[in-house]
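So, here's a batch of structures to check.
Next, two complexes with subunit A in common: one pairs it with subunit B, the other with subunit C.
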Partner chain A sequence: MSSSTLEVPGNTPTPRYFGREKSRTKSDKLFSGSIIVAALSSLFVLTAILIYLGSNSWPVLVEQGISFVTGSEWSTTDGVEVFQIWPMLYGTLLNAIIGLVIAVPVSVFLALFIVFLAPRNLSKVLTVVIDILAAIPSGIIGLWGFLVFTDTAAGWGQLLNQYLGWIPLFANDQNQFARSPFIAGWVLAIMIIPIITVVSREVLAQTPQELLDAARGLGGSLSGSIRMVALPHARGGIVGGVMLGLGRALGETIAIYFVLNLIFDVNIYKILNPEGGAIASMIVAKFGEATPNEINALLGAGLILFIMTLFVNLAANYIVKRSQREKLI
Partner chain B sequence: MDATRIASTTNVDIEATGVRVPNTPQDAHPRNPEDANVHLETKDVHIWFGQRLIIEKVNLSFPENSVTALIGPSGCGKSTFIRTLNRMHEFIPGAALAGQILYDGKDIYDAHVDPVDIRVQIGMVFQKPNPFPSMSIKENVLSGLHLAQIKYENPDEIVRNCLERASLWTEVKDRLNASASSLSGGQQQRLCIARALAVNPKVLLMDEPCSALDPGSTRRIEGTIKELSQEMTIVIVTHNMAQAQRVSDYTAFFLAEEGAPAQVVESGRTDEIFMRPKDPRTNDYVNGLFG
Partner chain C sequence: MTITLEKPINPVKPPKPWAKRNKSTVISNAIAVIFPILVLAALFFTTEIPGPVLVVVVFFPLQLLTAGVTSFMDKGKRGIGDAVLSVGCVTAFGLVVALLGSVVLSVIARGFPAIRFSFLTQNNIYISPTTDLTYGGIGHALLGTLLVVLIATLIAVPLGIASAIYITDIKGRAAGFVRFMVQAMSGVPSIVAGLFIFAAIILTDVVGFSAIAGGLAYAILMLPTVARTAEEVLRLVPKEVRDAAVALGSSRARVTMRIVLPTAKTGLITAVVLGVARIIGETAPLLLTTSNANNTNLNPFSDPVSTIPVYIFQYLGSGYQTSIQRAWGAALVLLIVVAILFGLTRYLSRNKRGNV
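And now, the complex of A and B:
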């Protein structure tokens, strides 16, 4: 009886959902074509590297078994070849963590200072200086770290040990403060501070003026407005900058090689002890005089570093996604 | 100075009458002129962006618990002027100011005045809706209390009360935790009004608050303005002449002659400005003949 209403089942049309718009014009097609080629070729290079590393190191990895990553010995003497990289793997992470703990707060505060606090002329100068610092090759920083900075940082380490030595983290068994993970962390921090700062400054400067106006207009102080508006707005970008820095820290080779003792005995937390590890630096250190089998083991170590970097990035992404859902008030 | 006088000392020296007559018979709160204390007052205000003088010699008084409409052609400097009233102007690089802005008799630009305090007491609703996109509707309403570090109890009550006064409550009461960016433009603007009300300002500056709203919500906002004017002083910029007539007790007409900074051509009681303007340019403008 009833005329057609919305409730009549068969009458509801099927909804049509939309994907991305298809390119129709010639220039659009050319454009998306080249983008696809570029994207695929980077995937291809990535896969090629993985296959190369994997296939070459596979026999050694199988031979060494799981202790390749869990064991702490590396020797080629007496014809017995043992390749185990746990101290290097762990050291890589430890150095990076120390580097981030120092670099992240410094970079974010520096970026906030440049964007919101510094007189306009000073902030222009700082921007240029930091852009230049970000472009310094790591070898130069490593050399500087080795020649100049090590002594200073060792002094800081000694102070830490003197006053906070009762905390296990700052204990030192060897009464020698050079070439420790602490110093490696500092050198990494100095390398990645410019990167994180550049990215953070860029995204903070993009905070919409009308949102800052809203916050200030409601009686927000500068720090309150930064906390409630600028930082939430920039969070994704800042984390992106931290990821870039982390990537560089994990893969850093030469600079670490200059300032850290690589020891095949895992140093879990005594960051002031002159013993640590770093996969990339170890590869460089061993490569020159390596036996054929050892070279394959080093390629295996590279593969592990590669995979670890991938996982760290995935984990970081997950953390960011989760933190974005966290309440602000 | 006569407390109820709202007069421009620029081009036309009109003698605003001292008697405040309700605009309409429905005017909810007629007052004796003696009760209308001047709350906010500008003295010889000049405003610059860089070297460019935008506004010249504005003398206006905003009596307590009244609504004053600022009208004038686009680009003449109404937003710029209203932003000087709670020290938002100074955030713009190159912005400069001369003259005094007296709030309860004290210059808000005095060296020992904390601008943050001023902005808590003199709130603002902007031309473009600007809710905080990363916060929920509820959080947006409470955001001002957090920003101004005002302690509060009963957040739910505050949220409901402010949203009701901004006539947004019925539309959002079931999704208070949804993101503010999921609202329509007009709803976002009403959210901004609710957000401004939450900190309980004594003066509310509204820069074209209805420019993004449909006629229905516009009417409701106008009702809100009328109601609010019982407890706070309101300054509203509007391009809508009918709206100025409906909501305001006083009107000031800004005009920039070709290449010159803007001045207040005429100001006074709204009915006078619209019915018996003294300056022909005011007459042309309010009757839609230019601008």
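And now, the complex of A and C:
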């Protein structure tokens, strides 16, 4: 863009007042320099996390080879140390999927309710309620999940098993319903509902009023115009919000630690059995009495968790950003 | 060029034919809401089918049916989708309010009996999990949390605000990259932050389990929140303010430090409070960095220190009646602190549009 273009008032980007080439005072250079150094701190921290977790766990990772992520045994007793995290890795994903299956419909309906259906005052109150839910510390959710919610949810699990037990998903061969991935999924859902709802609400509220009016004018019902106009328009943002929630669900530690029974034996689909896994919770569970080698193995598990969440989170941000860019056109 | 029209003094409200309601619609809607509830109540009290099963098998289908039928009578075929939509929305709303209500009410109801003056001020020396609630408390953990959060704030706030200044004010070549990195950092799981600090400074014997290690781990989690909020706030500083400062011959440092930051002061405080609220309840990183203690420790550089989240973790794990009451008590205190911080952010950002 050339500088001779006539600029429309109110539409100019903030100019860069201070060009790089122009001579600057010493204090200005010092100021910019220190700001740049400080701004790069996040890059520094992320690189340092990779280096420290990677270098400390490298010997263990080499020794265990690929079976570190594919095997199902964790033992330090027989003199031979075996560290394999597959059940925890799989369990992390299973919990997150159960959490998303519960949270996504609830969040999207809730966002639709806030934006389109609820009276103005109720949607204001509901926005605050969602913010409060997001602000509750995970330790408190864990405490509540362990002492209050587990009983209720175990009852739901038992009923599911009683009436739908012929579906393999709801089979239970332990006759015990507490501390199952089903309950862990519910607890995760409570923690990610606010994340998905907030993002969905924002993108749904940006649906152009003209498009909605046009849909109504053509004789569409409210549900029809939401299905044909608002949801397609907000799809990218909602998917991004779901991915952000997924990132949170993968890294959740304390709440899962209290409501899930961690077993080093992969539980593929029996979500009502009291057997499950979660990398982050496993790290807390094993950390206290770990041998030096075991500590390094835990750092390796943390490294894998870090890389996993990093990818999910970056993908989420990319999707949200892309959907916002599309909207400007 | 834009032409602004003056606002009409008495704007004519557009007619809304779809919003018109006659008496029969209201009555049929009321029946559609009340009838399923009555059936549910009747079955619940007369049969022995468990409540959740009734809700899923009887109440939902019936509610969908009645809502669908009344909408159909009201608006024809198009109304059925609307009925599904409203039943779904109200269900989601009810579920979330019930879950949140359960969390908050159980913390208040079960935590309140533990709260007394000594619980807030005494520390945990000579206290076993079965000691009576009149002795011992979370005083040491309150001070510990304060110390760790203070350290994290001192580290994360300057770095976070500097990142925001770089993106909005300096607009350097790497602005997009810095924003990308901040976003990537906001996804770091709390346990990974703890593991990193453990590997970087505790395994290498720089310091042991201590408040400074916990503060550093907290700072990693706090920085992205502060940076992203501060960035949004600094964007709101009017261009004219910067223009005026530059036109008067201010240097870059002066524009930022003396003009932009003071203008955005309230918003920046909000960013700090949001950052504190984000970290104050995190347990996982502290388990690996501050460990736990029973005594009051105000030396940030050595010896373990107790914090509220870790106190809850410790007492929940031990499983005795009184210790669980202590955990609920500490949870209530934590919840109150979070509520105060939350109220503070809303108070500070109440007239965002009026002044920045």
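In this section, the second predicted complex is superposed on the first by the 268 of 329 C-alpha atoms of A that agree within 3 Å, B and C clash if a C-alpha of one lies under 4 Å from a C-alpha of the other, contacts with A are read in each partner's own complex, and residues count from 1 in each chain.
The rule is simple: a residue touches a chain if its C-beta (ideal position, glycine included) is under 8 Å from a C-beta of that chain, and two chains touch if they have at least 3 such contacts.
Predicted, not measured: the structure shown is a model, and the values here were computed from it.
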Partner chain(s) touched by A:90 [first = subunit B, second = subunit C, both, neither]: neither
First (subunit B), second (subunit C), both or neither touched by A:229: first
Contacts of A:74 with subunit B and subunit C, given as first, second, both or neither: neither
Residue contacts with subunit A in the superposition, subunit B compared against subunit C: C
Partner chain(s) touched by A:217 [first = subunit B, second = subunit C, both, neither]: first
Which superposed partner A:170 touches (first subunit B, second subunit C, both, neither): neither
Partner chain(s) touched by A:156 [first = subunit B, second = subunit C, both, neither]: second
Set intersection of subunit A contacts, subunit C complex versus subunit B complex: 216, 219-221, 224
Of subunit A, residues touching subunit C in the complex: 8, 10, 12, 14, 16-18, 24-25, 27-28, 30-32, 34-36, 38-43, 45-46, 48-49, 52-53, 56, 105-107, 109-110, 112-113, 117-118, 126, 128-133, 135-144, 146-149, 155-156, 159, 163, 190, 193, 216, 219-224, 226-227, 247, 250-254, 258, 280, 283-284, 287, 295, 298-299, 302, 305-306, 309-310, 312-314, 316-317
Subunit B partner contacts - residues on subunit A that touch it in the complex: 120, 208, 210-221, 224-225, 228-229, 232-233, 327-329
Residues on subunit B engaged by subunit A in the complex (per definition of touch): 86, 88, 91, 93, 116-117, 119-120, 123-124, 126, 128, 130-135, 139, 142-144, 146-149, 192, 195-196, 199
Subunit A-facing residues of subunit C, complex: 1-2, 18, 50, 52-53, 75, 78-79, 81-82, 84-86, 88-93, 95-97, 99-100, 102-104, 106-107, 110, 158-159, 162-163, 165-167, 170-172, 174, 177-178, 181-192, 195-196, 199-200, 203, 220, 223-224, 227, 239, 242, 246, 251-253, 255-257, 277, 280-284, 287-288, 309, 312-313, 316, 324, 327-328, 331, 334-335, 338-339, 341-342, 346
